[in-house]
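Two complexes, one shared chain (subunit A), two partners (subunit B, subunit C).
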Partner chain A sequence: MEPLISARNIKKHFDVGEGILKAVDGLSFDIYPGETFGLVGESGCGKSTAGRTIIRLYDPTDGELFFNGKNVYDLSRREMQEVRKDFQMIFQDPYASLNPRMTVEELVSEPLDIHHAYKNHKDRKDKVIELLELVGLNEEHAMRFPHEFSGGQRQRIGIARALALNPKFIVADEPISALDVSIQAQVVNLLKDLQDQFGLTYMFIAHDLSMVRYISDRVGVMYLGHMMELAPSEELYENPLHPYTKALLSAIPIPDPEIQRSRKRIMLEGDVPSPINPKPGCRFVDRCAQATDICRKETPVFEEKRPNHFAACHNVK
Partner chain B sequence: MEKLLEVKNLSVSFKTFFGEVEAVRNINFHVGKSETVAIVGESGCGKSVTANSIMQLLPMPPAFFKSGEIIFNGENLLKKTNKEMQSIRGNEISMVFQDPMTSLNPTMKIGKQIVEGLVKHRKLSSSEAKEKAIEMLNLVAVPQPEKRVNQYPHEFSGGMRQRVMIALAMVSNPRLLIADEPTTALDVTVQAQILELMKEIQKKLDMSIILITHDLGVVAEMSDRVIVMYAGQILEEGTSDEIFTDPKHPYTKKLLSSVPRLDMSRNEPLFSIEGTPPDLYIPPKGCSFYDRCDNAMKICKDNMPDFDRHNNTHRSRCWLNHSMAQSTEGSEV
Partner chain C sequence: MDNNLSSIKDLSPDLFQPALKEDRDSDRIRRPSIKYWPDVWRRLKQNRLAMVGLSIIIIMLFMSIFGPLFNKFSYYEQNYDLINNHPDTVHWFGTDELGRDLFTRVWFGARYSLIIGVLAATIDFIIGVIYGGLSGMATRRIDNIMMRIAEVVYSIPYLLIVILLSVAFSSEGAGTSMFVLILAMTLTDWVPMAILVRGQVLQLKESEYSLAAESLGASKGWILRKHIIPNTMGPILVNITLTIPRAIFAEATLGFLGLGFQAPRSSLGSLANDGLAGIAVGNAYQIIIPALFISLIMFAFNVLGDGLRDALDPRLRK
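So, the complex of A and B:
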């Protein structure tokens, strides 16, 4: 199958005065049509920056991103506007990402206005109502303001906005982290239904590994701007290759006291180091129990270690 | 087991412009010595109000106690004066808050913050105080404590700040620690470190913990007993094993099946609880879970059931426990 999105060596660096912050430092991966690609990692690992760079909310420092065979990073402003219709984003915080002074109708129709995607006033209104119904809201919600809604409902409004232009690809940046568990399941189920209905492709960014495993077909694990491991979801969780992935998985508590008591945990010492002027070598070396000399000198290559299973580690053969 | 804390018929309300919000409605529970009790529930269910009531940290007004007693060590905390409470707070009962970024004073050195309470209560000399601060940082495994005591909060990472918060709470050897979402703001690998640390310190100092969280994984790892709260009421209470392997209340069952687990297949459906919790301005007359319950019956609408005891430790309040209710075995909950 042809990938929908091909990222090649994407980099996003920020000059922060005291040095160069390498938030994303050379990511390469493919996303296939209709799949959900999960991206996980701890805070500060660069997963949100990666998401934003991929839909070109940030201009990349380096790299290429192919969408339908075209390099998106080479497009002019005008050409980019066209492509934007196919790329949408759902943001983490449903409290901060909706303008409090706009009604739901205005919020949902904003993308339609920008791209002149309706014939007349009635067509616009019909489209808004159709979108609201799609995400489980209804016509009477259209005239209300965001503060009148709960977190879960607000996230639905955000999803309706993202769907307005019939996109092909949606980056969902921690779309459920701000919601209660019972509401999380509602939103995840909605995202899955919409995917089946419209053949959407998702990039699902999250730090909740159990939820990512549940929703994603393939999962990538990031650490300090580098992709450490990438594999089909079941494979990654059952046979993790990278020591970081192993530690990350063993840190998740399982809601079953019996299993939890008998589990052996790999404890990581310390915190994630600073991404400002990172040292050469493997990014994980300071916290890795299996680190050897070569890990300190050379950055391991991200390569296919098993069929469809990629990892960047000197110790994995 | 000896009871350290007992909460009896506690009701807490808030007076607002629109009317009274009944945040906690007539709850009863106890915490035994060196036991960990988890209170779980969604936001707005009253778990933090319960914790803050024990510490009496609620702003009054608008908050007020409608009824109840909080018996700690044989004495009713609600009868204490402000001054008496001050000597209990941070001394016998300590609290760890959710957000280590905002609950430390940014303009004060870490070491000074840790011993601030002790210096006040026990009149330590400055060299003694510093020694104590270093000892506490050692206890919570902060590397290079001699150097760290002289640093400010912004020089610490999130996980390290949470360790400082724990050190701060432990400094006077409290008998009860209330941890309100202590690891919610942290990454999983750091969360694992903090939970391990809390368990270790609990063993060393022989204290009780009330753990408030919405993360059922953390509950399974830490707690001896679990209290499930919803809309200001307790719906179910039991040992950790009872709650996770044999939940009785439909809400508990749904809560457990709405989180994906690492050890479950991706093809298993994820249950969601439709709707949202009720508004506590006008709490429902009957069962508060009525609107969202699949097994709701006529009687549930207007009548809140009493607790049924399944055994010595396990109780729940649901009309399905009643002998006249139809069996729900085999139905999908």
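So, the complex of A and C:
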């Protein structure tokens, strides 16, 4: 199958004065139409920056991103405007991502306004109501302000806004991590339903490994701007190759006290090193139990170790 | 209802259907919708001092327009038979050393003072928002240059500018024109507004809703117009209500120094200046009355500004 999106060696560096912060440092992966691509990693590993760079909210330092056979990073402002309709984003914080001075109708219709995607006032209103109903809200919510809604409802408003232009690809940047646990499932199921209904492709960024397993077809594991491992969901959770993935998975609690008590957790020593001016070699080397000399000298290549199972580790053959 | 309860045997199974999902209405909001500005107004109303200030401003505005019509005297008409007449039933605020009615002259003065205050604040607002908005949205380098320019402008003492301008622009005997006064005042006074707006823009352009708009394909201008400026209106409004008394006070200072309007036109400051001579000969009302009005206007705008600041602060929301 042709990938919908092909990322090749994407980099995003920030000049922070005391050095170069390499938030994303060479990501390559494909996302296929209709699938959900999960991206996990701990806080500060560059997940969100990766998501924002992919939809070109940040201008990349380097790399190529192919969509419909074109390199999105080469597009002019006007051409980019067209691609924007296909790329959408759902933000992490449903409180911060909705302008408090706008009504729900204004919020949801903003993408329509920007792209002049309606014929007249009534057409616009109809579209807004249609979108609200799609996410389980209704007409009476249209004239309300964001502060009148709960977190879950706000996130659904954000989803309605992202759907307004019939996008093909949506980056969901930790869409549930700011929500109450009881609401998380509601939002995730809504995302799944919408995916089935419209054939959407998601990039789902999260740090909740069990939730990612539930929603994703394939999962990528990031650490300090590098992709460490990438595999189909079941494969990654059953047969992790990279020591970092193994450590992460061992941290998922199992809802059975017997097993939970007896199993061995892989504890990570030390802190996440600074992403400013990183040393050469494997990014994970300081915290890896299996690190050898070569890990310190050479950055391991991210390659296909098993069929459809990629990893970047010298010790995995 | 009672009927149903009393005849239990009439109950049929179809009365016990599970509730439909749609009927549960869990997303229904029962509280009436409260829009932002009505909510601000509601909180402002609870602040008694601010409401006093607002009332004074409204009365001042009304009287500065219609006050001179309340008696038969004009602001320039001189009556040498009634020089330095103390306040009485005919001349409510007395007359000055040329026999002109002070009541009329005070409201005339208040009219010019308010016009200057409002005009200066409006011009500050326009320049400040545009300059600050552009500076905040520009690249870091351009922002830096623009802010250094603003600081240089702000470091020029405005009194110097006013004196220079009034000397340069005023024709013989015409005094300083309104245009020159406002020009001199706004030449440096837009800077605090620009700095305020720039700070807000820098903060809000990184907000997630600005990023969300950008991801939807919005231009910088759109984000500034639709997202940043509306969310900056609160602090801007507070700044305006504090700029107006500053401008009025500045104009009063100039008038008192003799750099204000040329007689027979007057401002509150020039009236106070005229009345200064009266203190020595027992006509203190000639300075007390205009000074009182300056203080009242200053007080009213300042308490209203403070009240607005409190009302706009969402952390104080009840």
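What we mean here is this: the second predicted complex is superposed on the first by the 317 of 317 C-alpha atoms of A that agree within 3 Å, B and C clash if a C-alpha of one lies under 4 Å from a C-alpha of the other, contacts with A are read in each partner's own complex, and residues count from 1 in each chain.
Just so it is clear, a residue touches a chain if its C-beta (ideal position, glycine included) is under 8 Å from a C-beta of that chain, and two chains touch if they have at least 3 such contacts.
In this text the structure is predicted, and so the values were computed from the model without any measurement.
Q: Assess the superposed three-chain arrangement around subunit A: do subunit B and subunit C clash, or do they fit?
A: Overlaying the two complexes on subunit A (C-alpha atoms) leaves subunit C and subunit B fitting together cleanly.
Q: Check the residue A:P253 against both partner chains and state whether it touches subunit B (first), subunit C (second), both, or neither.
A: In the superposition, A:P253 touches subunit B alone.
Q: Going by the contact rule set out at the top, does A:I183 touch subunit B (first), subunit C (second), both, or neither?
A: After superposing on A, A:I183 lies in contact with subunit B but is clear of subunit C.
Q: Answer with first, second, both or neither: which of subunit B and subunit C does A:I129 touch in the superposed model?
A: neither
Q: Based on the superposed arrangement, let me know which partner A:D93 touches: subunit B (first), subunit C (second), both, or neither?
A: Second partner only.
Q: Now for A:Y214: first (subunit B), second (subunit C), both, or neither, which partner does it touch?
A: Only subunit B; A:Y214 stays clear of subunit C.
Q: Please state, to the nearest 10 degrees, the angle that the Cα centres of subunit B and subunit C subtend at the Cα centre of subunit A after superposition.
A: Roughly 80 degrees separate the directions to subunit B and subunit C.
Q: Have a look at where A:V316 lands relative to subunit B and subunit C in the superposition and call it first, second, both or neither.
A: The answer is neither, since A:V316 touches no partner chain.
Q: Looking at subunit B versus subunit C in the superposed three-chain picture, what is their shortest Cα distance in Å?
A: Scanning every C-alpha pair, the shortest subunit B to subunit C distance is 5 Å.
Q: Once the complexes are superposed, what residues of subunit A are shared between the subunit B interface and the subunit C interface?
A: none
Q: Where on subunit A is subunit C touching in the complex?
A: Touching subunit C: residues 52, 55, 57, 80-81, 84-85, 87-89, 91-93, 96-102, 110-111, 114-115, 136-138, 140-141, 143-145, 148-149, 153, 158, 161, 165 of subunit A.
Q: Could you please specify the touching residues of subunit A with respect to subunit B in the complex?
A: It comes out as residues 42-43, 150, 152, 180-186, 188-189, 207, 209-211, 213-214, 233-234, 237, 247-260, 265, 267-268, 271-272.
Q: Residue numbers of subunit B touching subunit A in their complex, please.
A: 42-43, 157-160, 187-193, 195-196, 214-221, 240-241, 244-245, 254-256, 258-264, 266, 270-274, 276
Q: Under the definition above, what is the set of subunit C residues touching subunit A in their complex?
A: Residue positions touching the partner: 27-29, 31, 33-36, 207-209, 211-218, 222, 226-227, 230-231.
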